[in-house]
Structures are given as C-alpha cells and as structure tokens.
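To start, the structure itself, in structure tokens.
A, B, C and D are the chain letters, set down in written order, and residue numbers restart from 1 in every chain.
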Amino acid sequence: MMAIQIKPEEAVLKIKDHDSLMIGGFLGAGVPLVMIDQIVEKNLKDLTVISVGAGYRGGGVDIGKLVLNHQIKKYITSHVGTDPNLIKQIVAEEVALDLSPMGTFIERVRAAGAGLGGVVTPVGLGTEVEEMADKIVIDGRDYLLFKPIKADVAIIKAARCDRMGNLEYHGIANTNPIMATAADIVIAEVEEIVEVGEIKNEAVGTAGIFVDYYVQGYSFEERKAIYEDLWIAGNKI
Amino acid sequence: MGRERIAKRIAKEFKDGMVVNLGIGIPTLSANYIPEGMKVILQTENGGLMFGAAPKRGATNPDWTNAGTEPITIMPGGAVFDLATSFSMIRGGHIDMTVVGALEVDQEGSVASWKIPGKLLTGMGGAMDLLYGCKRVVIAMTHIDKHGESKIRHKCSLPLTGLKVVDTIITDKAVFDVVENGLKLIEIDEDSSLDEIIRLTEGNIVNLDDWKLST
Amino acid sequence: MGRERIAKRIAKEFKDGMVVNLGIGIPTLSANYIPEGMKVILQTENGGLMFGAAPKRGATNPDWTNAGTEPITIMPGGAVFDLATSFSMIRGGHIDMTVVGALEVDQEGSVASWKIPGKLLTGMGGAMDLLYGCKRVVIAMTHIDKHGESKIRHKCSLPLTGLKVVDTIITDKAVFDVVENGLKLIEIDEDSSLDEIIRLTEGNIVNLDDWKLST
Amino acid sequence: MMAIQIKPEEAVLKIKDHDSLMIGGFLGAGVPLVMIDQIVEKNLKDLTVISVGAGYRGGGVDIGKLVLNHQIKKYITSHVGTDPNLIKQIVAEEVALDLSPMGTFIERVRAAGAGLGGVVTPVGLGTEVEEMADKIVIDGRDYLLFKPIKADVAIIKAARCDRMGNLEYHGIANTNPIMATAADIVIAEVEEIVEVGEIKNEAVGTAGIFVDYYVQGYSFEERKAIYEDLWIAGNKI
C-alpha cells in the first residue's frame, strides 16, 4: 500500500504498549525527535526499544526521555554508555539489556529486513559475546551465529519524503535506512515533504514501498538550532 | 599530562593515503598532528569518510556528526553511508588502521576496554568490530593506571574486547609491538628510561634490543 | 493464441498501490493491461522500482534496463538500487506479488521452471528468490504443453524452482488457487468448459463448486 | 592507498592467468566493456569468472567475447541462459559451472566484502540448491548456509569517478557496488573522471578506499550508441 501522510499525534497511535519499537539514529544524531516526544506524551508502556545506542550523551534527550519516563522494559542495542539513567535502570533490573557488537547489531536488523535467517560473524570470538550467540564452524574456522532482529514498529528519520513515501537522507543516514526494512509498520519523520519527482531516482535512500506513514518533523533549521544548543551546552563548539 | 604526547606519537603511525578509524579521546586528538601535506582518510563508524575539523558555531550540520555525536565537517572527496555499509567496511578489512584506548592490554595482544564487572557497563559499541576487522590495531593509553599499576599485563583480567588482535601499543612512556611470544620494545619516551619501562610493564618484554629513544 | 488472454487475466490481480515483480514473457505483457488510474509499482530485480513503458529509439538510457536487459523508462517516484538491495527487498517480503511463468506446477503449489535435465540449462537466476520471498506467487502459463499434456501436475517431474510456494495459477483456460489438499477452481475461460478443465488438469481439483466464467 | 588512474592496457596487466575475476554488470547491462575487450586482447587464460549472469543475450557481446575466446575455466553465477556459447562449453565440460540463486549469489559476494562468514538463507530449500550448501536449523526452521565469494580482481563499471576513486553510479548500479568490496584488486571503468569535490558526499556509491585503479571507459553517449545498436538488432526498440 502507498505511504500516507498523517500527523505525529495520529502516527503514535500505531504504536501499542508492549510493542517492539525500532528507533533510528545514532546516539542522539539523526533521531526522529517529534515521534519520540509523542511517545512520551502518549505514555506508552513496556516498550522493547531497539536502537544502536542510547540517546544523546548525558541522558534526558531524545530516547533518554523515554528512559526518564520509565517506558522501556527491554533495550536491544550495542551501547548504553551515553545515558546514565538508562544504566541505572539496567542495574536495577528495571530494564533488560540485550547486547551485541555494533556491526553485528545492524547486520541482525538488516537480516530481518532482507529475509536472511541469521548473521555469521567472527566479531566477538574469544569474548563474552560468545555467550550471546551460537558458535558454528565453516571451513575449519569459528564464527558466531546471531538471529535477526525485527520490530513491530520502526520510527525513523530522513531529510525529505515525497508523496509516495520515498525517503532521501542527507549527511550520515546511520541506522535509518536499515531499520526502514525490518518492522511491520514504518513511520518516517522528515524535515520536508515534496512532490513526486522532486527526489531523483538515484537519491532515494529508502523506497516508498517500505514506508507506511510519514510525518512532518522539525525543519533542518530547527534541528540545527536544537543540536547547536546541545553542543554549546556540552562545550563542543 | 601525557595525552598530547600520546596523541603526537600516534600521528607518527600515519602514512599518506591511509584509511584510519580513531577511537574517542586521545586517538581522536591525534588527528590534530597529521603531518602537513599528508592525506589521511579518517573514517567515523557512524557512517562517514574524510571528516575534518569541528565546525564553528552557526556552521554546524546536525547530519554531520562523529561516533560521539559531536559536530564534524566532511571534506571534499568524503563519503557518507548507512551503518551496515560502515561496519561492512570495518569488518571486511577495508580500514588500514584503528587506534583505540584500552583499560588493559596483554602480551598476547588481547585487549580489555568495554566492561568492568559491577562498575562499568556501557556495551561494546563498535569496538569489537574495529579490533577484529581493521588491518592494523594500535592501542593508545597511559602506561599505568591511577593506582600506579601497569596496564600492560601478562593476561587481561577484565572481560576482553578482542582476543589476540593488537599489533602495537603506544603509551606515554613507550611503544611496543606485539610479537610471537610477547612484546617487543620499539621506543622509549625521552622522559622515561629502560629501567622504568621494565619496572612498569607487567607483560613479558621478549625483545629489549631494538628500541630507540623517541624525540 | 492465449498469450494476450493470459496477460489480460493477470492484470485483474493488480490492486492499487501494489508492488509487483513480473517475470519475462507473458507476465511482463500484463503491464500493458494495468487499469487506467491504477498505480501498480513494478519492481525489476536488477534494481529498479516504478518502471514504465519501453523508450523510443534515441531516448533510451543504457543504465535503465529490465532483468532481460531491455530498455525501460523509470517514472517519477521511482527508485534505483544495487542488486543486494533489490534481492533484500524480494527475499525480505517487501514485494506484494510476483507473476512468473513455469514448465510445471503441481497441486501442492510446487513449481518447476529452471531446468530440464540434459536439455535446458540456464541457472535459476532470480526465480527462486522471487518464489520464496514475494507475499503472493502467481504462476502464469499455458494450460497444456505442446504435446497436449497438462502442465498442472499431481507432482512436478522436473527439478523444482520452489517447494509449496504457489498461491494462484492462471492459464489460458482457467484460474486455480492452491488450497489445503489441492486446487480450487476459481475461473473458467469463456472459450473453455468444466469438462475440458477436468480433462486437461492432472492435478487434483478439490473444489469445483465456486468457479465462475471469466469474461 | 589512493586510487590511481591508469590506461586500460595497463590495468589489464593487474590480471593474471588463472585469476578469479569478478565482472560487474547484469546480463550485459552496466558492464565494463573496455576492460573486457582488453582481457580478450591480452588473451588471459583459465579465468574463474564471477558474474551474476552471462553476457548480453545471444552471446558474443561483452563477457560473451571471453567465452568465444575460450578464456574461462569456471563460471560462478546464477544464470547462463543468455549465452548459448557458454552453455555449450559448460555441457562439453570445458567450463565448470558453480550456481547459486541470484539473491544468494550477490549476498555471498557482499559477505566476502563485509567480513561475514557465510549467508543464511531459506531460498532454495526443497530444491536441488540444497546440494550446493549446508543445511542449518535456527529456531526449528531450516536454512541453507552458503560461503562467501571473493575474487583476486574485480572489474566494475560506474558513471563517474573523482581523483580519489570515489564512484558515482547513474541508473541501475546492479552488482557493481557490491563487487567493489570483494576483490583484492578493484579496477573501475568510468564514463567520466572529475575533480575531487564534484561528486557529492551523498552521491558516492563506492568510496574511493575500495578502488585501486580507475580507467577511462566509453562516454555515456558512446555507450548509449552501443546499446541502441544491440536493441535495434534485437527488435527491442
């Protein structure tokens, strides 16, 4: 079915308590900020969040808001070091943690979207990661076999979207194009919605056939202001 | 403090045309010491090649960030890509060198950097992929911890990030290569001495004959 | 000849917004019969979405081709991508329907199309991925072979392209759905008859009660 | 090391008799035509060709020239139906054939380039393909496990290349970006060579770090003429 535009407050109704929820982005960058705020407002509970890392450094920003609001029961990721609140909830066993190395994590998401049965990787051999996977031998060499990771809903972030749901990414797209393939329902938050034909065939990073709903997020200038404030506060610029 | 010293020493490992992934902290600092005229292609594992200096206020781009979500610039000739592509690049052996920090390294080239049971819980992030996949692994860290103990061990006591993956260790006091049966001393910092290195290095140094004084 | 007839009948399976991969031959012909105003998104497995009619001489683009290396156009709203992305799309269940030809289909929904031992040797190409991955598999073929034998079999005699993958069979004489224990007759072509269908169909028809005459 | 420009007749010297050679493109489309002609001229022997399919329909074009010149000892592919000469050589056991389904084939090439140990796919279960792979069970479901495919040399085709070897693809890139990652030596044939900075960061389809050598191929207009002639001869336009 064709992707359709809805309001963020309608889009959030597609997510239910106890859902597994992929959130695109990378440790705060390239994250669907408006949709996350909606999830906070809607106070969805017991979510299994699937994200390559936690939210922006220090916590309380983007995904960190879901943490502060105690909406997460399980976190499937490769890194939580940026959010001390999340670490506290993990230590207190309020949130279950499911870790894999970053390259393995994203390959597991890709496998789910690509109809593959697993990921065969040497990364993590000889470490505790061996306990997180099965070991298999191919041509006399050891590998770890991981299962795919899929989700009920993915909320992702792109720069532009056309009326068919085709997404164009600007800059570093990080996990967004991969997560777009691996969830039953895909909601894309974009800076700008344009007419069909304005995004060149070659510039389509996620084809519209993967997208169910698209919502208007912050404009590029608004996002720039949000991140500059964070960076100024953190003495980064 | 030895941070700048280590960063400068890391920079001596750069070669023209090399593709390098620098870990956060001291390794990233070393980019400031890339020799003039030398082209080192920096990869950031969140999905970029050829990033340059941090931008000024007002000139940032929220879609141009490094793995620490700090603002970066991407230079002409650079490329951006998704995370699966980035880690395929890393794991597939397309990065010439990675320089990362560590809590401990041992004489077998194993390294611990991601976990202190009961204390440090962050997840391994991309570190294991980098250690496994990059053609050359350089560990950059202070020689001793805050208790004065050697961070270069017979055997790592903390959970490993990588088993037998390290090629070179750069500290504020010395440089070692990991060789067949232990460590080969390559360089001693001018403010240190052979005696001190021997005293402060728990791991086996199997070759003490070929070192030089770093300048 | 039944080619156009089959193609027209295939087109009745299209729904607005559907993503469809059409095999070469008769299935591709069916694109000519997409109802006016209906948007069917055609995928070509070499790496494109939303392709349209063949271009005229002088207006071709050597980088716009279909899986048969014939020139195509790509419409506004279309996308192009590499082959790994294309087959991830196919295998991952992101294509609503595929329509492909076959040498034989059987009552269990298995299909043979890629090999005749000692005779036809081409390789399976993308056919197995399409049969496995697409949400709905429609086989379009003539009802009988050139020797007058039924191509709808109890069990395929040729090497399989897919095991129990077919949802619907469209021939020049009838339409069947593959159901629990065999075939359900859905439609009979107006130039055929129930008697003829029963006579020319080797596979078990388990439901003869719900068919209609196609127009 | 940085990619460097060399002449096609120099580039072909990087390929040796008995090498495994990936050839980008798709059944004749998007193929490195100039490099293939060089390989014919150089008369390299006993090549293991790795290509998603054979050459342009009917044979004797692009890869089909290597067939006519009897330069291939093994063909790793998913489809040879377009080249009757190749089929004859396979039947005569002059050329060994190594088949896998198309999606599996390209995923095996990707795995080699991405440092993965294998490909886990359900495609081909219940068919003769089962004999071409190992069977493994994950969560009670059967899958086939295939090994990665890598090559000594890959010759690929892109639209544009900058002086750092960054490649931009136009239209359907097919196997080219994947093969660029999976060979020891990668030679890119391009229509146009431009200065660094002319290819946008987002438009880089293969980063220059994957490319060892780039050569000037036919221009877009020349390629268009070549394919129009083929299509006119085949009554396609």
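To be clear about the criterion, a residue touches a chain if its C-beta (ideal position, glycine included) is under 8 Å from a C-beta of that chain, and two chains touch if they have at least 3 such contacts.
Note that the structure is a prediction, hence the values are computed from the model and not measured.
Considering every other chain in turn, the ones in contact with both chain C and chain D prove to be A.
Centre to centre, using the average C-alpha position, chain A and chain D are separated by 33 Å. Once the centre of each chain is set as its mean CA position, chain B and chain C turn out to be 55 Å apart. Rounded to a whole number, the gap between the C-alpha centres of chain A and chain B is 28 angstrom. Chain B and chain D, compared by their mean Cα positions, are separated by 36 Å. For chain D, the set of residues touching two or more other chains reads 107, 110, 114-116, 121-123, 169-171, 201-202. In chain B, the residues touching two or more other chains are 48, 74, 80-81, 87-88, 90-91, 132-133.
The list of touching chain pairs reads A-B, A-C, A-D, B-D, C-D.
The residues of chain D lying in touch with chain A in their complex are 107, 111, 114-123, 136, 138-139, 141, 143, 145, 147, 169-171, 201-203. Those residues of chain A that touch chain C in the shared complex are 1-2, 110, 112-116, 162-164, 166, 181, 196-197, 201-202, 204, 207-210. Those residues of chain C that touch chain D in the complex are listed here as 44-48, 54-58, 60-65, 67-71, 74, 80-84, 87-88, 90-91, 110, 115, 121-129, 132-133, 159-164. Within the complex, the chain C residues that touch chain A are 16-17, 19, 39, 41, 48-49, 74, 76-81, 87-94, 132-133. If you check the complex, the residues on chain D that touch chain C are 26-30, 52-53, 56-57, 77-82, 87, 90-91, 97, 99, 101-104, 106-107, 109-110, 121-129, 159, 169-178, 205, 220, 223-224, 226-228, 231-232, 236-237.
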